[in-house]
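Chain lettering (A, B and C) follows the sequence in which the chains are written, and residue indices restart at 1 in each chain.
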Amino acid sequence: MKSYREELWFHTQSRREYVNITPQVERVVEQSGVQEGLVLVNAMHITASVYINDDEQGLLQDYEHFLERLIPHAADYQHNLTGEDNGDAHIKRQIMGREVVVAITNGALDFGPWEQIFYAEFDGGRRKRVLVKVIGE
Amino acid sequence: MKSYREELWFHTQSRREYVNITPQVERVVEQSGVQEGLVLVNAMHITASVYINDDEQGLLQDYEHFLERLIPHAADYQHNLTGEDNGDAHIKRQIMGREVVVAITNGALDFGPWEQIFYAEFDGGRRKRVLVKVIGE
Amino acid sequence: MKSYREELWFHTQSRREYVNITPQVERVVEQSGVQEGLVLVNAMHITASVYINDDEQGLLQDYEHFLERLIPHAADYQHNLTGEDNGDAHIKRQIMGREVVVAITNGALDFGPWEQIFYAEFDGGRRKRVLVKVIGE
């Protein structure tokens, strides 16, 4: 069994942002040399998500509106009594998920026609990391 | 390490439908010959989910009502300006999840008493796929 | 390839409770002897979640308020016509997730600075299980 690991770093300018990271993950899988296996891609921070969906600008706005309507940044959160202002981000990340696991087949991401991997930042403006771990052979 | 891959195809008649796919996944695991490992089961389309919960008709109605109340099909979505009418389905799928990873122990799905794997379709009426990828030995 | 499996048992006193299970998972990973691989941690019951986020009391209250506001225990659920009273718990668990997959690197959980694994109980007061499955080498 082979294993391989890389960290991807992100520093978004705005508080919330949706970044297509598929090319970076493809490069890591290629680098790993794994032909058949699994790749885990997870946010290493707890106010960000990694998820898979379409890369379509309208949809990214729909996600933004849905999440902000359901879990407004400006609402009262007990977590913010610690001096933080990111209570909403901890909840938004639960909705969108921490991680994806993707099959590797013939050395590539085994994807349907529209699947793209996104890093969703809900408390940006600073450097944060995503872990890519490949296992297989 | 062994690996094995199959696609399952679904064509639901209605827009939204919940299909218990546990028997199909069990068959793929058996076919793989893997005794100890993991199986990844994921929707290959971005308007459908794979999730694990109870196979109880009332519960399936509760999921349907909850998701449609929170993310109505008829609401306005930016995504629908592309000519699509499935903006809601892209969001519903995020709530219910893209994938499950299940342990394989002694050649079988390592499940609690009520765990069942479901394919949840949110934009049906056409042929769509689920990927089953098994790794282990 | 090595594999290793353990069940963790929980019996919460209250209906809903959030338990940090990181030390138990760390012990299982150590016990497995796996240096590089993946660990799957999943609720074996369908009214509980395993998720990763911060161990901060205010945040746990925020999760509780958010989930109970969105999916009240006392609302009408079709599932409850079976004689159960846990329709809400089956939906809450979908929001928070069934499982996490964590990378193992150099024999330890490969975590960002604040990641902690939680067992979230939504229908407690009885003994329930979490599965920990390790694969790697």
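Just so it is clear, a residue touches a chain if its C-beta (ideal position, glycine included) is under 8 Å from a C-beta of that chain, and two chains touch if they have at least 3 such contacts.
All figures in this text were calculated on a predicted structure; none of them were measured in a lab.
Although chain A and chain C share one sequence, what matters here is the overlap of their interface residues, and that overlap falls short of half of the numbers used.
Overlaying chain A on chain B by C-alpha atoms takes a rotation of 120 degrees, rounded in steps of 5. For the pair chain A and chain C, the distance between C-alpha centroids works out to 20 Å. Contact of a single residue of chain A with at least two other chains is seen at positions 1, 38, 70, 95, 97, 101, 135. Taken in their complex, chain A has these residues touching chain C: 1, 3, 5, 38, 40, 42-46, 70-71, 77-82, 87, 90-91, 93-95, 97-99, 101, 129, 131, 133, 135.
Taken in their complex, chain C has these residues touching chain A: 1, 36-38, 51-54, 56-59, 61-63, 65-66, 70, 95-97, 100-103, 105, 110-115, 135-137.
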